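Consider the two complexes below, in which chain A is the common component and chain B and chain C are the respective partners.
And now, the complex of A and B:
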């Protein structure tokens, strides 16, 4: 096992003031278990304070640090140097912003824009079913919950939407579908018809061509394509009201 | 217009208010606390104009989303648990520094707030009957300490995420306007009344003035004061610094909690379960050292004792240096545990070691060390979340909730699962209070101008020298960890104060590599560093002043609790390092009421 690596990060940069993009190489000596977010910090502290990058919790729980490394969308906070070397078989890493929204600067994209897709499908209970025991919790059987609990784990990192070719062409994107499916399967939601209308709209699931790239890249290991397949198979009842 | 000495016309002309926005309520911070407050306002007063600001790119990325464990609430249908037990546990845990009026209020409203969340769509884990599952958590007991209580409801290992997702959705439904990836740089006042704040929008590189009839601070924690922390990158004590700069006090800044076993590097929590299932702590020589510190309890000793034991091993040279992250640690040995334990009882933590340090806990030793976790101290408020100017007087129009506030529910030591509970209860209470305030307050907003923001930013733009903010920040974190962390002494704390002064001086010699205002993280980091220095200073000075040990505050030279210090610390800072202290008495109304079991709420010992 090697203890240190000499690596190069070839980072795609963008300066909004000059509207200029370029790629810049940063050569680093890095310990084996440093994560890519640690490397970005190291670049700021030792080489170049102007490199802009996003993160928040750095525990793989918030999905803020998604970037593309050698083409693969992933969370920078959980990519360790030695794993990256082993996985990609190189010490040269091309780091680019995810491609789901306009770039603000360097690795930072306009997540607000990306989130518009999620907001559009109404990520809440639109119309709750009547609670048989007001003042108490609804009863939800753990068996029912099990069917959709995976979909509730999504952290909206947009890795799947970046990998999905269709989501660059008018499709609402895999994570928006997930957010919608959660409430379709949630027994507490009554507005199923409205939700199905959205799901089967012209930005809906028929734009997906089942490449399963979403399931492949999801850092939370959610089988996104499975839920899309359920929707396509009509498992959620009638197809809209049109 | 203020005249600025900034390099170049372009920058100079950008340091101005780009736009003025008016609203009813401005909420600074979109974690669980800020969002719960917003939603309460929408439910009770639909159509209220609420603007919420967050530093992260989107509210969902707020740090509450990282909380895993659960949220404490006594189910009224539980045949064995009772709110009195929860109140007692909180009081005892706080080392007699929680305010009993707050404890009573929060504990008694807990279950209703859990139901509210469930009814609004949070995906709580369920038991076989379809009701909310409950689990035990350290420090939560039945019968005043007799046995563990099943009191924490949870959403698998992502309770905080469940809360934020639910509240964000409801806030959207209510018609909230978010200003994301933006920082509040200054509170605005008309006389003594708070009327909004200046917001720096990083994406556009401009400043907007938000005038509001009520302003809420919900900016979360301050973990970046320390070197290894479980807190997110944005937790830089901004809200506390905003208050200090406005001449308001902060309370108990010295009350900082450390978790004994953060994973080296990212500081991710390796939960206490590791110790309860039989994990053994070992030093460099692989000696199971807890036998020396707690011969009977060993690894099962309380959090603070374990944290001190580990820290002591490290300080006496029996730690191990991780070369990659350059931090010292000890080992937790899980190799002897049966597969069943690894697979069923601790799969998540095992996963963390795999994912973040590439270690297989079945075969290898795992590196852990005490990590900063929670700030009990904060902006002092009364039981409605109204910010206080002194021990009694409040600031009209200003509310604080969540981790940045100190009501105080946690006193000098917070129990696990009590923070999420505080967010959802105090968030709601603050929302109710704001509605009352709005209905009394005339709907007029004065024209006020910022006083500090532009001179501060002009200063950052102007500074020249060889220093680098990122590296200075690392130095500050090292000082705080070593001198004002798990162990504190008169000598160490005085050193820390000197070092902080020197760092403040040196920070004046950083020069920005880019003078652009647009998404200039170096600039924002420079601003955050000022905040961190101010709160670190307040923490070190207050710790110096408190010559006793209490809860998470441990003075090696004064190891016992001393009733002379049975009061909250108020710290005012007129300029960096120049502080005035005040006191706020601890509310003991449960004790004073003399009801059943009142004696449990006296000045009891914190012994487990």
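And now, the complex of A and C:
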């Protein structure tokens, strides 16, 4: 096993002041378990302080460091140098911003704009049902939870939306559909009809063509396409009940 | 097995590595759908000369050229690929079949089988069947597949055009590959104007062809509008394009109906 790699990051850059974009090569010597966020920081410290990029938790829990590496949307904080070399079979990595919102600078995109689609589908319980045990937390039975708990892992990193074949103009995007399907499956939600109207629309599930790229790239390993297909089949209940 | 080989196709592998095989297949579905729309329109145009048997026969003579024979055979690739993959998508989405990997293997296996059988039939070119018997069986198959899909896709929450597209897909899944097979059983089945006209004297055959035509035109038209909606954000542009597509498909349907009813 090699302990160090000579790698090149070919980063797509954008300068909003001059409205100019270009790609720039950074050659680095990197240890095998450095993450791509570490590499960006190394570039800032050693080569170019002007490179702009995003991250917050750096533990794959916030989704802000999502970028495309050699075309694949992923979380930069999760990608180790040695894994990247093994997976892509190269030491040259093209790094680009994700494509679901306008670029603010270099690798940073306008997340507020991206979140607009999530906000549209109201990613919370719109109209809670009455709690049978007032004063206590609402208890969701493990059997109900089992059907959608996987989908609650979503961190809205927009990797799925970036990979989706549906070009994201009209489409609310896989993660927004997912968030809505979760709340339909959630027994605490009573505003199911409002949600269904949003889903069964031109911005909703009719834009999905079951290309399953969302499931393929999701860093939280959520089978997004499965949940979207449940919506197409109208099967939101336990064990495929309507 | 099959999947192992498939995973090494050079042109597609890099894309599959980044977004998975189903993504590559979705693109192939889209491209084959577009090719099929183009071919259906051309085909409806080409059969307009059935009213003038000499011209029709002269046109069909062109297919004696080797290269056109090959192209004719190659057309079965997008047809069977799109048909079987459409079936796979409906199974995944509406029937809850989640074993997608083996579905993909079936898709490729059956497609190769169909293309090979069609090629052999084209080379032999000597088979003959009773059109009535053949189409009775095929219609029974097509309609039962469509009615099997009906209960699963006919959820009233779904938009009516979406439901109809799934329904026509299930129907076409049997009808279209059968149409190609039938036309290549014996060269005169399709290439001799007189044989075609005689066959179309039967009310049953007219009914079969009209149903096929309407299903094709609707399904293809909806597919085009759906693709347009993926790419356009302006509502005015989307509506404009949808109207244009609908008009084109209506003209094609009218031309097809006219020739079927008048020969």
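Keep in mind that, in the parts below, the second predicted complex is superposed on the first by the 233 of 242 C-alpha atoms of A that agree within 3 Å, B and C clash if a C-alpha of one lies under 4 Å from a C-alpha of the other, contacts with A are read in each partner's own complex, and residues count from 1 in each chain.
Keep this in mind: contacts are C-beta pairs under 8 Å (C-beta built on N, C-alpha and C of every residue); 3 or more make two chains touch, one makes a residue touch a chain.
For clarity, every value in this text was computed on a predicted model and none was experimentally measured.
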item	value
Joint occupancy of chain A by chain B and chain C, clash or fit	fit
Which superposed partner A:47 touches (first chain B, second chain C, both, neither)	neither
Which of chain B and chain C A:234 touches, first, second, both or neither	second
Touched partner set for A:92, first chain B, second chain C, both or neither	neither
Included angle at chain A between vectors to chain C and chain B, based on C-alpha centres and rounded to the nearest 10 degrees	170
Which of chain B and chain C A:72 touches, first, second, both or neither	second
Touched partner set for A:202, first chain B, second chain C, both or neither	second
Greater chain A contact set [chain C / chain B]	B
Contacts of A:137 with chain B and chain C, given as first, second, both or neither	first
Chain B versus chain C as contact partner of A:16, first or second or both or neither	first
CA minimum distance (chain B, chain C), superposed complexes, angstrom	19
List of chain C residues in touch with chain A within their complex	17-20, 22-23, 25-27, 29-30, 89, 92-96, 98, 100, 152, 155, 157-159, 162, 226, 229-233, 238
Touch list for chain A against partner chain C, complex	70-72, 163, 165-167, 169-171, 196, 200, 202, 206-207, 209-213, 215-217, 225-226, 229, 232-235, 240
Residues on chain B engaged by chain A in the complex (per definition of touch)	56-58, 60-63, 65-66, 114-115, 118-121, 123-132, 155-156, 158, 161-162, 165-166, 168-170, 172-173, 178, 180-181, 203, 232-234, 265-266, 268, 323-325, 355-358, 468-471, 474, 512-514, 516, 518-522
Touch list for chain A against partner chain B, complex	3, 15-17, 30-35, 38, 41, 44-45, 48-50, 52-64, 77-78, 80, 82-83, 104-105, 108, 110-112, 115, 119, 122-125, 128, 131, 135-142, 145, 149, 152-153, 155-156, 182-183, 186, 188-189
